[in-house]
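A short write-up of the structure that comes next.
In this document, chain identifiers A, B, C and D correspond to the written order of the chains, with residue numbering beginning at 1 in each.
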Amino acid sequence: MADIAAPTATAAAGNRRSSLHKLVQRKSTIAFLMALPLILLIAILIVYPAGYAVYLAMLSKSMTKFVGLGTFEFILKRQVFWDVVYQSCLFAISAVIFKAIIGFIVAHLVHNIPLKGQRKWRGMLLVPWVIPPAMSTLAWLWLFDPSYSAFNWILAHFGIGAIPWTGEAGWARFCVILVNIWAGAPFFMIMYLAALKSVPEQLHEAAAIDGASWLQRIWYVNLPMMRNIIAITALFSLIVTFANFDIVRVLTAGGPLNATHIFGTWSFKVGIESGDIPQGAAVSLFMAPILAIAAAFILRDISRRGSEV
Amino acid sequence: MAQVTLRKVVKKYDEVMAVRGVDLDIADKEFIVLVGPSGCGKSTTLRMIAGLEEISGGDIAIGGDVVNDVPPKDRDIAMVFQNYALYPHMNVYENMSFGLKLKRTPRNEIEQRVKQAAQILDITELLDRKPKQLSGGQRQRVAMGRAIVRDPKVFLFDEPLSNLDAKLRVQMRTEIKKVHQKVRTTTVYVTHDQVEAMTLADRVVVMNAGLIEQVGSPNDLYHLPATKFVAGFIGSPAMNFIPCQLEQAAGALRIRLNDKLSMPVPASRTKRYASFAGKPDLVLGLRPEHISETRPHAEPDQHDFDMPIEVVEPMGMETLVYFTVNNTEICGRVNPDAGSAAGQAMKLRADLSKMHLIDNSTGKVL
Amino acid sequence: MANAAIATGAPSRPVKYRSMSHNRRWAMRWSYFFLILFVVFFLTPPLYMLITSLKSSSEISAATNPWWVYKPTLSNYEELLGQNQYLIFFRNSALVSVCVVIITMVISVTAAFALARMKFWGSATLATGVFLTYLVPDTLLFIPLFKMFAFVRDTTGIELMNHWWTLIIIYPTLTVPFCTWIMIGYFASIPKELDEAALIDGASWMQTLTKIFIPVAIPGIIAATIFAFTVSWAQFLYPLAFTTSTDQLVLPVGIVTTLIKGDVFNWGQIMTGALLGAAPPLIIYAFLMDYYIAGLTAGATKG
Amino acid sequence: MGFKKVSRRRFVGGTAALSSAMVAAPFVRGAYAAGKISVGFWDHWVPNANGATEKLIKEWGEKEKVEVQIDFITSQGNKLLLTTAAEAQAKSGHDILAMNTFLPARYADQLVPLNAEMEKLIADNGKVNETVEYLGKIGGKWLVIPATVGSQIKGPCSRIDYMKEYAKIDVQKMYPAGAEPQDKDWTLDTFMKAAEACHKGGHPFGIGLGTTSDCVDTIGAVFHAFGAVMVNAKGEIVVKNDQVRQALDFYKKLIAFLPEDVPAWDDASNNKFLVSGQASMIMNPPSAWAVAKRDAPKVAEQLWTHPFPAGPKGRFAPFLPFFWGIWNFSKNVPAAKSLLMYLSQASSVEKMVVASGGYDLPSFENLTKFKIWAEAEPPKGTLFSYPDPYHTQILSIAAAPAPHKIAEQIYNLGLQTQMAVRYFKGEALEKTLDWAANELEGYMRN
């Protein structure tokens, strides 16, 4: 056999390097081609316009001359901008935390009841996520309406005075966060439920035998097992919440006294409503670094976890 | 002609050498088993033959043609995976016919070949089922069926039995052997289980740390291991390795285990071992079956000695006894009726005619 | 427990232990109790939408009990469904969402397969980076997109402004990254041997994807589909910015811009429109929910 | 928009079936000469008001053999604003677009000058007020033509009964239908007393203090009434002056008599407050009255729209004009100009005013006495004073006479309402002024 193989082998040896290389290359070429639509989509419709936005942010207000970082400098000196930063963080962080907690609790509750009934409950609990937020927020707006508030009507029956839901800074922030939690918690619920279902039952049984209470089982078994999905969902939601536009826009339009303006609405306000497109772009741009820091933390944590397992 | 030839085959992952130069000739119709501990490179070697891994160096030829650059589908091979890798959304028939369909084999031919393979494997009545509805053994058969249907030059098995329970494993082992006898296709079989290797193989290839330790028939490997690794890997319970010295005393060679215990080297070996007298770092290798209870009359090269027994493991047809010499735990196989008991001394007999002397520094059997 | 009783010699059960089934039953009751609380929280606004949609505008203005309909009327529904334009919004939304889902799935499934299984230079970076595209908010992108549309028009003569189908081009930026990520997770959960088996069986990469991976990954694909559909159905800012004519609007924007006029809110009709706008995704969910969970279970949890 | 590039056949076939109005000239060979244009008009909240405009355009289209594509674009959710921004950036879209308040100034570089047209219209229809000139004539050139549709005076809309009961003011007598106003005593002082009385009576005035236009327009008029200027015509920040302090003091006092949540009000809040029967007065064009007429007739019967109270510097009323402008990227400027002239004829204007139920206000002096305002009911004559037939008010816009780019931001960001709320919430007056000065410096950016 060796005698037969050897000549062929030497014959092939000449062009082996290149053809071996070709084979490897062919696979990665195909792979690259398959990923190309994704790459093009990101490059043309996200990266390029984002780069263009950076350029826009460096123009003067009338967009006639290049001012470099002037606009950014200007923004950093504005009190309103820092209010917006504070409010965006407050809004996003508290909303995400509550969404995560509610999602976690509800996912456990649903997981806890017999499989037969889960479908129905899941369906009902998912409704807020399915209704386009621009519309569901209108329902909230109507519920909070100063003249017709259905909540105040109930409160009045308990002898509690009308609450200025969107009229007072504290309440307005509360309302905006509440609506965001309402709209976003079901998504967490469904992601966590999926994660819960992939936690092996034996782990629970083992923990139960080890004497863990239900709370301890959740804490020591479910939480670590769901860690990655919790982190990824939180990151995704943090980004989306931070960049939120619809809810604030419809509910309070940033008021009262700019107390509920966040990045998205504020950049719209200065960029479109007040005709300062470079400033609007610059305000929006500030979102990226803040979120990138959060993303870096969360993603690093995930990859570290991943290598442990 | 479906011989498989490996010449100086090397596989490198970044900095790690998984296979460090393997030379192997596999004859047509031969059943070769690659065996070794996990991480020894046996699976990598198999996957390089299959074309699933690129070859970092050397050549692989199937049927005389170098296939280094040939994609798996053109190598005319079939592979059975450890987890069977059945397509979960296809039924058994579709699973078996998928490869033929891709090759645009005529329909009636596909049907005929699937039926035939199903008959060989006795899975005709399972053809409409989905993999989910099959037991482990049945899945195993389907995976083999999928390989047989393609009528390849070479069968590749990657630990096909390790997901089965002990009983099924034995049963399927025989099944595989039977199938091989029927279809007579060159087979490369990878396992970490030396029993499987011994029972199935025409020749066994023992691999360790990316290199071939020894190639040979099961009997050769058992009786004439070339290295300490092979000696220790083949056979169960494993061979005892006892540190020892070789003494030249009064013209006779003796193996000295400790101050109290020494035994003469069999006459047939004296010449072979003579030059190693006084060499440091020697190890005596003796299989448990060559340490037995003492019997009325001794053959030459059999030596009796007394030992306090520490652990006794009755196995039914035999009993394993464990004791310690030179801080090394040693296992012997005695007759269940020999009256062994833990904590008591026992008279045992070592059959040195079956001994191996190993140079621990090189790992070679001398 | 029985053992404990015997050991202490006491005939009565220690009080602090309750039977397993008893505990279980109470756990269940509490679960249902809290579930009901959450359902009330989650369903109040949609319910209020329904209530309002059944009221006439004079009943709404009368400021009576907001939680009760005294004179239920379907006039809002009749008026809305009788209008041609609502049906046009609906058609546009449906067309946009379906096309976006298809485009999204084609792009993200092939890309996810390449990223999860085939590797090429930079593929690992791309797999992580794809998620980070969400860091770029849409409030930042729409003005540059205006400029790009102008450029496209000037060079090719194709007008992208004020056409509903432009949204089909833009929405994938919102859906593809997350869907790709779900699909990478799902593909990663498929045993590697499966594509090796296909490779040996003679399948090309494309065949492996279409004949093996896609059928096997159906739950993951459905999960991604649902996500993409929901997102594109709900989009607000892009259609607000890119479409103007009534015949080009999609549902959420159509409802907000045609039913709310200046300072005159037509609450009955707005709520009706919102409710009808929410219906299609709700119906889709009802059918595909189980797949969704299954898809996320196998895919997303692999993170 | 696509229709410019799309072939005629496809254009007709593709859009004719759809609701967006598409008016095609009859197929006359050679009729292409006049071409086509597209217009984006403000989407009127009054049912069928769009219809009148549509009909007028159709008449014109038939006469001139021009195909017209009409889009009615709502100002809700800033849709119109966003469309304008989009078209300005993309340099494509409608030929004519409706723009309100400061937009003509913002897009001055991209609009076709219309001096000759405006001169002719002023000659025909009478003078336009200063606010229209301030907003529409940029750098000495008319860039837009005041649109009838959507232009409005946001004067008080009072409850006859509550004003009588609590404030002892008979608004019908003060501003009688069909006769000269008797409004000597209708000053900001009277107004404040009335606000207090009505607040005590449990039916406060509903004046928003958000950042939307209703809120800003009202405070703008009050500022003008005190002569309070924050940035002068030269663009200098002069916010720290006594007139501003007076105006803020006035507002601080007033807010105490308003509902608690007014800082969050938008343009719809005051309407709802009125229609639900809670308000004694709001500052709004007759849209709230029209909704009341439909949904709460009992409330409508008690409503009376009338001029603003006078302040030390005169009787100022907020005027919110809409304009029609022609983009300079329009491919058919002559046709666009012709259409605008047609729509601005007195006969066309009256049709539009009638269709809007009297809501729309022409900007030209001679066009303020159509029958519709005298006849509107209930109660009869409720809208008589709405167009200010006796010209007792100075029509103004908040933030004037500051340079447009600054005024626009004062207006859009609601600087004045923000100041008022800050001051009301207990901030020291000078601190509020410091804050405002700082904000204003930010607006100077260019």
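The rule we apply is simple: a residue touches a chain if its C-beta (ideal position, glycine included) is under 8 Å from a C-beta of that chain, and two chains touch if they have at least 3 such contacts.
Since the structure is predicted, the reported quantities are computational estimates derived from the model, not experimental observations.
Inter-chain contacts peak for the pair A-C, counting C-beta pairs in contact. Using the mean of the Cα atoms as each chain's centre, the chain most removed from subunit A is B.
Subunit D has its Cα centroid 92 Å from the Cα centroid of subunit B. Subunit A and subunit B have CA centres that are 54 Å apart. One simple way to say how far apart two chains are is to compare their mean CA positions; for subunit A and subunit D this gives 40 Å.
Those residues of subunit B in touch with two or more other chains are numbered 71. Counting only residues that touch two or more partner chains, subunit A has 147-148, 250, 268, 277. In subunit D, the residues that reach two or more other chains under the touch definition are 77, 82, 85, 89, 266, 272, 276. Those residues of subunit B that touch subunit C in the shared complex are 50-52, 71-73, 77-79, 81-85, 87-89, 98-99, 102-103, 146, 150. Of all residues in subunit A, those touching subunit D in their complex are 60-62, 74, 78-80, 145-148, 162, 164-168, 172, 249-250, 252-258, 268-269, 272-277, 279. On subunit C, the positions that touch subunit B within their shared complex are 191, 193-194, 196-203, 207, 211-212, 215-216, 218.
Residues 27-32, 34-35, 37-39, 41-42, 45-46, 48-50, 52-53, 56, 102, 105-106, 109-110, 112-113, 119, 121-136, 138-140, 142-143, 147-150, 153-154, 182, 185-186, 190-191, 193-195, 197-198, 214, 226, 228-229, 231-232, 235-236, 239-240, 242-243, 245-246, 250, 263-264, 267-268, 271, 277, 280-281, 284-285, 287-288, 291-292, 295, 299, 302, 306 of subunit A are the ones that touch subunit C when the two sit in their complex. The touching residues of subunit D, when paired with subunit C in their complex, are 1-2, 4-6, 15, 18-20, 40, 43-45, 69, 71-77, 79, 82-83, 85-87, 89-93, 214, 266-268, 270-272, 275-277, 284, 287-288, 290-292, 294-296.
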